[in-house]
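Here chain A shows up in two complexes: once beside chain B, once beside chain C.
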Partner chain A sequence: MIAVELRKLFRRPRTWITIALLNSLPVLVAVLLKLTDLAPRPGEGPAFLSAVLTNGTLFPLAALAIVLPLFLPIAVAVVAGDAVAGEAQGGTLRYLLARPAGRTRLLVAKLVAVIAFVLVTVVIVAAVGYLVGTTLFEVQSVGATTALSGSTLTPEQVAWRTVLSIGYVTISMLGVAAFALFFSTLTDSPQLATLGALAVLIGSSLLFTLDAASDIAPYLPTRYWLSFVDFFRDPILWRDVVRGLGLQAVYVVVLLGAAWANFTTKDIAS
Partner chain B sequence: MTGSDTVIATHGLRKAYGSLRAVDGIDLDVRAGDVYGFLGANGSGKTTTVRMLLGLVLPTAGTVEVLGRPIPKAAREVLPQVGALIEHPAAYGHLSAAANLSLFDAAGPGGVRRTRRSRIAEVLEQVGLGGVGKRPVRGFSLGMRQRLGLAGALLRRPALLVLDEPTNGLDPQGIHEIRTLLLDLNRTGTTVFLSSHLLAEIEQLATRVGVLDRGRMVLQDDLATLTAPTGATVVDTPQAERARAVLGDRVLSADGDRLVVRGAEPAEVNAVLVGAGVPVSGLTLQRPTLEEVVLAAATGSGDRVAA
Partner chain C sequence: MVRRGWRWAVVALGLAVLVALPALVAALPADDRDLSAAELRAQVVASEDVAFSGYAISTGGLVLPVSDALTGVADLLSDQTALRAWYRDADDWRVDVVTATGETGTHRDASGTWTWDYADQRASRGDDPPLALPSAPDLLPSALGRRLLSEATDAELTRIAPARVAGVDAVGLRYTPADAAASVSAVDVWVDPGTGLPLRVVVRSADTDVPALDTRFLDLDLSAPAASTTDFSPPADSDITRDQDLRDLDLGRQERADLPSALAGLARRTFDGVPDQVGAYGSGITVLAVSALPGRAAGSLRDQLSRTPGAVVDDLGVRIAAGPLSLMVAGTSTRDGGSGTYLLAGTVTLDALAAAARQIQEAGR
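What follows is the complex of A and B.
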């Protein structure tokens, strides 16, 4: 069943169009930076962007930081929101369940496919970022990358910390995916499920900027999204990363539980 | 308990949506080898019943047994042996017919991978889509989609076919082809459960008939029993008045040149009339049509909302 869902996802032209569009923004940013030579000053603009002019190997991280606030969660919400509701709208859900695919199995397979989509997307964004970064910008050869805390990192350190960042960004997206998947079991309209998840996301981002909401800020799903920056402090600052992982885990467990409870007991009328 | 030749058995099956009883205590009895015609007006509860047989809708009360096992509990063992067409066919538009069938076959148990390609080629040929190639389903006509849906139902040589309006969207030749295919399959041992509101379709195919009216089963019997001779003979004669005089109170009703006469022996009626010098242009044993039987048993159209 998982193999079937992966085949469906990755044989679908829409999946690759989404990934291509997602990559267009960081590429555009890189080209503009190259043409104008105007990098944002440190502390302004997306993370890492101030440093890429002098070190192209940091561009994968800048690319992730560029897509993370909006593009990536939209893509995830579209794919996860479509997971069950899209099958319901197309009429294929009743055939899958009468096959019988098994409701729990189908939900698990959908979840795995969504996770695979997030991982593939994040890896491609990082890979394209690396290609673009190393082509357009200077590459510092040996041991001179400056960590955010001022000391220097070797290329090996940069490489494995980038891998950690890819993993962390993937996991950060699972909360959105879980919201969209849950909504996807509630409605027969994939658009509605996607918009529901985006509403949660926008609400969370808005509350995060509000001082009056500071008491609930630690529980907002977007709270620790940018904490992957902390992998580039020396030594790595684990506090927010660990909190971010824990928070995503809670959202995933609760929402998937709700999705499962709803989907396994519902009448399929689509 | 049900006998070993019972393919579908429901007991007191009920589905309520709030105060609306969509299906209200029905006892289906479909036996091995039947072509079972499940008739009912729009909104009579046919689709809800079909969905309960397949574990898609969960009953409010009552039990469902398919191939001797409870549904939805044993769905994983039973449903791989059941081919279904549920309302409209559905497929992924960007994929070819064969790719759709391949995904569908791999999505559940009982679809042996080794034989998948040959089974797909075979069923596509069987439903008349053998030459469809790699065209995406997006461009298919309604009739082609219906054929593809049927191919999906046949993919694992099921012991039972559950078909909801299978000739939807097909032209007369297509309907004839599908009817022939279903009868061939039935002859080789497949039980067919055919849900339809088309009386003519059921009358031509079914061996047993169940009639659903507003969620209740009002009739369930062999077609041959339902349309058995009534014990009367229909006489056509150009001299209806003289015939009435000759036959006296044996005439049950008259309509122009056509008389309905008591007596299940057309030859005997003929002899009486000819003996009296009354010309006879036609004689048939009276049988009720399925339409008459259904109209007598059911209350009216399901989508009619009276004031």
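What follows is the complex of A and C.
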């Protein structure tokens, strides 16, 4: 069933259009930077963007930082929100469930497909970022990348830490995916499920900026998203990364539990 | 309906456990130790050689009315600052201020400090000056606790309830300054009983429940960090500058630098390298600094202070309080370099500031 869902997802032109659109923003930013030579100051603007003019190999990270706050979660919410509600709206959910596989397995298959989408998307954003970065900007062959802490990172260290960042960003998206998937089991409208997940996302981002909400900040789904930057401190600061992973795990477990409780007992009419 | 219900019950139960878990862990009681306040203070003062690495958060509750030149200090005392620290000994440590997309690191070695600023790609070198503005490393609980308790007398110390700090059962100590001029009502310090390392410091003032400063470790590891971690050499393409030094400040052409030997009941003390125009008074957490002020600086500072809500303006000058910190521009300002204009700043009450200003005026006559 998982293979069926994966095939279905990646055969849809819509999936690839989404990924292409997602890549357009970092590419546009790279072209503008190249044309104007105006990079933001370090510590301002999207993370790592300041450093790409002198080191194009950092552009995959800058590309991730550019799409992370909004573009990437929107894409994830669209795909995950469509997972169950899209089938219901299209009238195909009944037929899917007529198979003996069971609703729990369908839910798991949908989740795996969404995770695969996130991973493929993040890897493509990073790969396109690398291509664009190394084509448009200077590449430093010897280890001269300055970590946030002022020490020097070798190209191998940069590559390894970029891989860690890609993994971390992928996992950071699972909370949004779980919200959208849960909403997708509540409604027959995929748009409603997507909007629900985006409302959570925007609410979380807003509360995070508010001092008055500092007590609940550690529990907000977007709280630790930017912590992939911590891979580029020296030594690596694991504290927020570990908390980010734990928090996403909690959201996934609770929301999938709720999705499962709802979906396995729901009357399917369409 | 029953079949439908158990699934939701499982989810609700799981959610309840997850939500309650942080509160349950936080509510775990901490063990106390049978140590007197004086013993504990002695342990804290002797903890300078305890190596550790850790992560700390400092939250300041003060709003300082300062100009752009001092925003760094104002941010330290009004905002939340995340600190990463590696400490090998008093002359070999590193403290990083961590922000979402950057950091500022201070690396101490035997002859001074390197400060690395990622945002400016700048490394600056300083040499442990006798006069310096507060900086992030001063806010680390270990450094702040040692400093604040170093001059506390046994009579000013009491034991308070223990607390769990960074996973350690830390024993509590309260320092209530005895000076009548004191604006800090109490300093609470929680200490690791094994090493004497202060793990949390809360500075309170009498007028509000919100601590003026609350700094604590969230993670602590008592093994010695590697020398390579505290070491620093500036990156090849960075700017290298020298730290700005308060000794270079133009204190104006004050002819009379003879400040009284005591102000507001606080005795004057001397420090090597501090110019005569700057007087330091008091001890422990109750201190007052007095400096002659060039006329042009006095005018703008006076204007700024008098615009601050709650400012007291009278014939002695302008004075304000921000939590336990108080600030005053005393005397008259003239454009020709100042005749008897002074800046008074410290952790004393506004009444004590007024008394000190009056004494300086009388001494000048």
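Heads up, the rule we're going with is that the second predicted complex is superposed on the first by the 268 of 270 C-alpha atoms of A that agree within 3 Å, B and C clash if a C-alpha of one lies under 4 Å from a C-alpha of the other, contacts with A are read in each partner's own complex, and residues count from 1 in each chain.
One rule holds for everything that comes next: contacts are C-beta pairs under 8 Å (C-beta built on N, C-alpha and C of every residue); 3 or more make two chains touch, one makes a residue touch a chain.
Since the model is a prediction, treat every value here as computed from it, not as a measurement.
Engineer: Chain B versus chain C on the shared chain A, clash or fit?
Structural biologist: fit
Engineer: In the overlaid three-chain picture, which partner chain does A:M1 touch, first (chain B) or second (chain C), both, or neither?
Structural biologist: first
Engineer: Kindly classify A:G102 by the partners it touches after superposition: chain B alone (first), chain C alone (second), both, or neither?
Structural biologist: After superposing on A, A:G102 lies in contact with chain B but is clear of chain C.
Engineer: Please indicate which partner A:A47 is in contact with in the superposed arrangement: first for chain B, second for chain C, both, or neither.
Structural biologist: Touch status of A:A47: second partner only.
Engineer: Check whether A:T265 is in contact with chain B, with chain C, with both or with neither, and answer first, second, both or neither.
Structural biologist: A:T265 contacts both chain B and chain C.
Engineer: What is the contact status of A:R94 with respect to chain B (first) and chain C (second): first, second, both, or neither?
Structural biologist: first
Engineer: Which partner does A:L201 reach: the first (chain B), the second (chain C), both, or neither?
Structural biologist: neither
Engineer: Between the C-alpha centres of chain B and chain C, what angle is subtended at chain A's, in steps of 10°?
Structural biologist: 140
Engineer: Contacts for A:R12 in the overlay, against chain B (first) and chain C (second): which applies, first, second, both or neither?
Structural biologist: A:R12: touches chain B, not chain C.
Engineer: Superposed on chain A, how close does chain B come to chain C by Cα atoms? Whole Å, please.
Structural biologist: Minimum over all C-alpha pairs of chain B and chain C: 8 Å.
Engineer: Overlap of the chain B and chain C footprints on chain A, residue-wise?
Structural biologist: Residues common to the chain A contacts of chain C and of chain B are 265, listed in rising order.
Engineer: Residue numbers of chain A touching chain B in their complex, please.
Structural biologist: 1, 3-4, 7-8, 11-13, 90-92, 94-102, 265, 267-269
Engineer: Please output the residues of chain A touching chain C within their complex, sorted ascending.
Structural biologist: Against chain C, chain A makes touches at 41-44, 47, 54, 144, 146, 148-152, 214, 226, 229, 233, 235, 237, 239, 250, 253-254, 257-258, 260-261, 264-265.
Engineer: Contact residues on chain C for chain A in the complex?
Structural biologist: 3-4, 7-8, 10-11, 14-15, 18, 55, 80, 84, 96, 98-103, 105, 116, 118-121, 123, 218-219, 229, 232, 234-238
Engineer: In the complex formed with chain A, which residues of chain B make contact?
Structural biologist: These residues of chain B touch chain A: 51, 54-58, 75-76, 79-80, 82, 84, 86-95, 99, 103-104, 106-109, 152.
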